[in-house]
Amino acid sequence: MFVVIRDLLRHNGDFLAGIVLTGFVVAMALLSFVSPYHPLDQFVAPLDVPPSAGHWFGTTSRGQDLFWLLAYSIRNTLAFGILVAIISRVLSLSIGLLAGYRGGWTDRILMSINDTFIVIPLFPILVLFYFVMRDNMSWVLLAVLTAFLGWSYDARLIRSVALSLRNREFTQTAVFAGMNTREILAREHLPFVLPIVFSTTLNNMNWSIGLEVTLAVLGFTDINRPSVGGLIYWANQHSAVVAGIWWWIAFPVGLVVMLFIGLYLLAVSMNEYIDPRSRLDRMGGQGR
Amino acid sequence: MSAVPNTARLTTGRDTGPVVSARDLRAWYRLSMFGVVREVKAVDGVSFEIRSDEIYGLAGESSSGKSTLVKTIAGAIRPPLEIVGGEIAFNFMAGTDGLHRASGEVAGQVRWRHLSYVMQGSMSVLNPVRRVRASFADFAFRHMGLDRAGFEAAVVSHLARVNLEASVLDAYPHELSGGMRQRVTIALATICRPNFVIADEPTTALDVVVQKEVLGMFRGIQREMGSSVLFVTHDMGVHAHLTDRLGIMYAGRLVEEARTRDLFARPRHPYTRHLIESLPRIGDDKLRRGLEGSPPSLADPPDGCRFHPRCSFATERCRREVPAMTPVGLDHRVACFERDRVEASQ
Amino acid sequence: MRVYARYFVNRFLQFLLVVFIGVNLAYLITHATPIDPIEHTVSVATAFGHTAPEAVAAMRESLRELYGLTGTPFEQYVNFWRRVLVADFGPSLSAFPTPVSTLIGRATPWTVGLLGVATVLTWCIGNLLGGLAGYYRRNRLLKAFGIFAMALHPMPYYIAAILLLIVFGFVWPIFPITGGSQMNLAQGWTVDFALSVARHSVLPLLSLVLVGLGGWFVGMRSLVSNIVTEDYVVYAELAGVSRRRILTSYIMRNAVAPQVTGLAISLGHVFSGALITERVFGYPGIGSLLVDGVNAGDYSLVLGVTTVSILGVSIAVFVIDLLYPLIDPRVTVS
Amino acid sequence: MKSTMVWLAAGVVAGALHLGVTPPAQSQGLPRDIPRKELLILENPEGTVKNAGWFNIWAINANSQSNGLQQAALDTLWYIDPDKGINGVWDNSLASEKPAYNANFTEMRVKLRRGIFWSDGVEFSSADVKFTVEMMIKTPGMRWSAALANSVASVDAPDAETVIFKLKQPNSRFHALFTVRWNAIWIAPKHVFEKVDDPNKFAFEKPVSLSAYVLHSHDPDGKWYIWQRREDWQRTSLGRFGQPAPRYLAYVDPGPPDKRVIAQMNKELDVVHDISPEGMFTLARQNPTSKAWFKGFPFGHPDPTLPAAIFNTQLDMFKNRDVRWALTLLIDIKAVAMASYRGAATISPIHVPPTGRHPEFYHEPMQDWLAGFEIDTGKRKIKPYDRTMAKQIADSLRPSMGNQIPSDPAEVARAFGTGWWKPDQAAATELLERAGFRKQGNQWLKPDGTPFTIRVVVEGDARPIMTRAGSMIAQSWRQFGIDARVDVAQGTLLTRRAAGDFDVILSWSVETWGGHQDLSFFMDSWHSAFVAEPGKPQPSRNWQRWSHPELDKLIETIRTIDFDDPKGIDLGKEFVKLAIREMPSIPLMSYNVFTVADETYWTGFPTADDPYANPVTNWGNSRYMFVKIKPKN
């Protein structure tokens, strides 16, 4: 694994860029642990100071230092993305593997449900949920919900791999060795799909973070918890755009775009590593 | 299938000059994976000729470079494959040096008119979303110089040669059986009556009965048209049945070439001998020896004769020097220092 | 024909399942809302003027009857399905007594128009350029476009929309930033109105297209670069088939099939995007209606909009499914 | 290949240029074919109207209220102004004189003006008033059905200019139903509605107008409404003040605050209803023609409402007034003023809005009582009032805002208010401890040992000011060791407020006429008879669900005295003293609305110097603007 990453770093520009971008964002998130400010405190810094030596990212109209606030926010936003990724991985893995391994009716039923979730417009459903849950809608609950709505793409992908594993010799051996379905899936099939899981995780994080940012900007999340979308929400509450407090919007947007592009590049380069065909082809393409 | 050499056509008699000739052909794959450049010498110094109105067979195990050789001759050079050296000449393309160096215009005129191709993996060579009729039009219409109706009639009558009904023209490839698809491909490759047809493992995916039928048809059409064929397969049985002359490839090099009958009767190269001996024979219950070791990596081939690590005749010289193709009889060449010992030991 | 019939039945069952699950989900959620429509109405009605409290109690009673909020939950549920079948969602509670279907009917053309044009435009441009980029890998223009599309692709709709709004509505104000057409311009099939609608759609459309483009572009590019190595393409090249024909009939034609499936899959996502776009750009349509309905606690409206959007998306997907065999003849067999 | 790309790019660019740049003459957000100089464009704060073709305002909530209908086309008996008024606070509109009650307030007699006509040429008469009342009594479920059915025994129209209401019980404030403060019961055209079977389901699509404007056109999608001045504007009650200047009015949905600012800077929105303080400052800085209520800081028009931190006094933790006072003493009003309004707040220590004529009736006369007011913390007595608080806010703003900040004490008081309660954590601690609360580590516990947590409900982006104030208040409590968090209610606010589903809510339960001393507008509904059981919906406006025997007595006394009786002021002061002692809600400030008018095309909008009307575009009272403004040049 280490060698893989070293090779990727050394020879894949996309991966390097992805690592640098994501690394920057993660470093920012880690900085929040040494922040001199409490994330919820307002009016602890002078108002509307543009980016300067004293306040690198400036301050908000609510008297917060944007740099440290952004550190907290990106940490929470990342945590959300990771939690969604973990839960939806569990779901898509178990459903994808099961459907692929069992086949037949199990597969048909599971994939029908899967396709349903792919088609249904999720955003209105999430907004509805928010209005039902209100103050019970903690970020963890939102993450669980998002995960429950966001496993379907990847489950389909995993299923297709599992389908091909089903007829391999080692599966039959395992069946004869008396392993039950759960054991076969966990011990025999899981390792084969893990590489795919890894690259889809990054895409899934991109998706869920985008969703959270959007919901938060529209005020559909818990505003007590600083997040990147929440920052933009508050900036809108203070008309930061027309009031000329551009840094209040620019830095969160910039950082989140960095994260998006970073994760995306990582996913792409991972994918390339996993599927050498696309890499070979990329090289092949140079000659045309 | 019987492995007795085909005796139906003992000689080709005439010698009207080669349709295709290749000299010292080198085609390598140059791969750069995460900074490490790897060279795979898939075709490394191959020379041979194909005469008119003959079926030239090319045999060898998979990854011996025969498919690469075919691609090189057909001008299907796509990175990372590169032609590093050598020459190819076609008698129907005077003044040019191989298809890969020809201009697009010239190549467009030559392809299918003079040189056509029956490809390996015939199941997937037809565009899955186009009806068979469209494929015929795409491939052959411009060469035939006929109007629509005339072309259609020509196609239908040509299809009849391979025992296909006109209705297949309206079918999609996936609606046809494997045998039918293969016959469509053969019809497609031969409709322009090309001087030279390359057939790369065209029957590999078919079951034995269908295979035999298709091969028979192929042979029939070839005779009728008098074109030259380069027929590639790893199946020695097919070669014995079909080809006039046969070249054996091992690890990117031609190791032996002879008339098929001669080759089967008196192989001079230990590898050829191994290939022939591993064919099942009726009434033969001798336990066949397997070949030890595995084919060498073409990225890092052994010095000297590339076969020496697996060769029971190998000497110190074999490890150092590369044996050249040396004539040992009429139309018979072999690249082995110990060829006499091999012959003697039979 | 028999195969197609089987395929049709399969897809139709899937369509029914989507509708069933989606609509039930919407029904359940809307009926769990903490917003009491009666209370909400009363509060709105009495928020400003002078109304005696005892009058409020009386108002509450008469409203319950007026809105027909009676019967057991099961009766309401059965009643609801009956209404879905005839596309009647009852009166809107916040725009009583106007039927929900009238409100939705008024909003739908905007959303469908914007979404339709955006989706078609995005899909066509993205796939065309992506296909060309996959085939002509060394073209500088296409490479530059690839980088541009890649950078935009992972961005959430909201961010792209707000950036466009700031740039073209504020910094360099050349486009309208709110509304669907000019004021005091009668709606109808006139050139004036069409031009006005076009002008007002530029920014919402642009935001949808810019963000959506990258996905199709990247997807198509990698599809094409894989298809380029397929046997049938190589074979056609060996046969000297013209490049144009290979690009169109061999490469693009085959790459388009998975992209059509992708289109069907992405429609739900696109609809979510439209909801945000409508909010950001103050564009009339179903998304705005939904948010308004949610805020007003108007659950018949919310349920109506959600049901219609689920129906709309699944019908669109179903239609694509039915047409798919035209694009990929193999599908009915497998 | 290349040429295709170039063509494609060229096409896109050309298309964009064509759509974007060609029509510079007709700017983006202006109505077509209407001369800009004859048009006044106002914000409809309701945003997009769902039910755009519905003009039956008598049906409940079917329609828009602020699309110009009640501002430009409807009329009723009287108007009362939150400030000075166009011709005094009181205006007899369709009535020709003030309401006349009998001695025990069981009968109200109304004299109507003559010579007023509906826009379709039918003359207005007492029959319309009688019809309106009877229609609503007869048809339950209309907007004022219940209010009228509860009070009115009968209504008679003995002649064309007289209406007599017989009331079911004595009510000295019955006329309030027909007195416009924001809205009132509007008079419906008998000749239209008498032909209607079910007035609840009648859209009134082509509204017949009783005021100076008629509907010109509207957006079927509800984003704009255009009204046209009637040719016979003299035959309306507004005709008394001369010709309304704008020939056309457009009520539009300009979008969120940012877009409103942009629209006004682009001269596409003459009157902004409300924006954030920052948006206000931006307009003041960048658009010289923008004028607000005050010339400089704090700009906004103080609405006669009192945003407050309202306790749910039915919760155990808030039953003890010591707790309520302790929480009051933890609030730093300067910080709240900064957070919510950036200082542009008019603070109030008492439960009366510091607006209109109230300071003159209540705030100023009560200064000495406030200064002497004592609280017993159990350990000592403190005097919490600090009368310099508003001056401190003004002083703290002066360094950054310069001479925009007045220094004349009277000006400061008018703009910023007077005093407020001093933050006093020691006293708060003592009060909480006396109430049985205790602090463990960094966390306050309730008497039962569970953590002291407070959910502060705010409205969200519909009312940023309240959201911002709420989050500041939660912060001051949190920093003291109380687990306080903000909860955004958005659309659920109304339901939750009524259901008591909150610990503390940022809202107003106090609102008044503004220009008149009478407090019954809100106070009548605070009677204990209307307090709902916990968990049951609470009728407006006693959101704190607070009752007190003394309060009941005050309310009952007020009901028996005349609207204009000066005794009302004394009773009002008694109420203030009671509310201060009990602190059922923490009064904060007036709701300052940043209504901004742009003087590029029109001048003479109402301001603090000429407070003839409420400038807020959604009030029915804003109609007086139309006759006072003048075209520029």
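As written, the chains take the letters A, B, C and D, and residue 1 is the first residue of each chain.
Following the convention adopted for this analysis, a contact is a pair of C-beta atoms (placed from the backbone, for glycine too) under 8 Å apart; a residue touches a chain by one contact, two chains touch by 3 or more.
All values reported here derive from a predicted model rather than from experimental measurement.
Greatest centre-to-centre distance from chain A is found for B, with centres as Cα means.
The leading chain pair by number of C-beta pairs in contact is C-D.
Per-chain CA centroids place chain A at a distance of 23 Å from chain C. If you average the CA atoms of chain C and of chain D, the two centres end up 38 Å from each other. Averaged C-alpha coordinates put the centre of chain B at 91 Å from the centre of chain D. The centroid of the Cα atoms in chain A and the matching centroid in chain D are 44 Å apart. Looking at chain D, one finds that residues 256, 258, 262, 490-492 touch two or more other chains. Residues of chain B found to touch two or more other chains are 78.
Residue positions 34-35, 136, 170, 229, 294 of chain C each touch two or more of the other chains. Across the interface of their complex, chain A is touched by residues 256-258, 261-262, 275-279, 281-282, 335, 338-339, 342, 455, 460-461, 464, 467-468, 471-472, 475, 478-479, 485-492 of chain D. For chain C in complex with chain D, the residues that touch the partner chain are 34-36, 39-60, 62-63, 65-66, 92, 94-98, 103, 106-107, 110, 132, 136, 139, 141-142, 168-170, 173-180, 182-187, 192, 195, 198-199, 202, 282, 284, 288-289, 292, 294-297, 301. Residue ranges on chain B touching chain C, taken from their complex, read 74-76, 78, 107-112, 116-117, 119-121, 124-130, 134, 138-139, 172, 174. The touching residues of chain D, when paired with chain C in their complex, are 1-2, 5, 16, 19-21, 26, 28-34, 47-48, 50-52, 54, 59-63, 140-141, 143-147, 149-151, 173, 176-177, 179, 181-185, 200-201, 203, 216-217, 219-224, 226, 250, 252-256, 258-259, 262, 266, 462, 490-492, 494-499, 501, 521, 524-525, 527, 529-530, 537, 539-540. Put simply, chain C touches chain A in their complex at residues 13-14, 17-18, 21-22, 25-26, 29-30, 32-35, 136-138, 150-151, 153-159, 162-163, 166, 170, 222, 225-226, 228-229, 264-265, 267-269, 271-273, 275-276, 279, 290-291, 294, 302, 305-306, 309-310, 313-314, 317.
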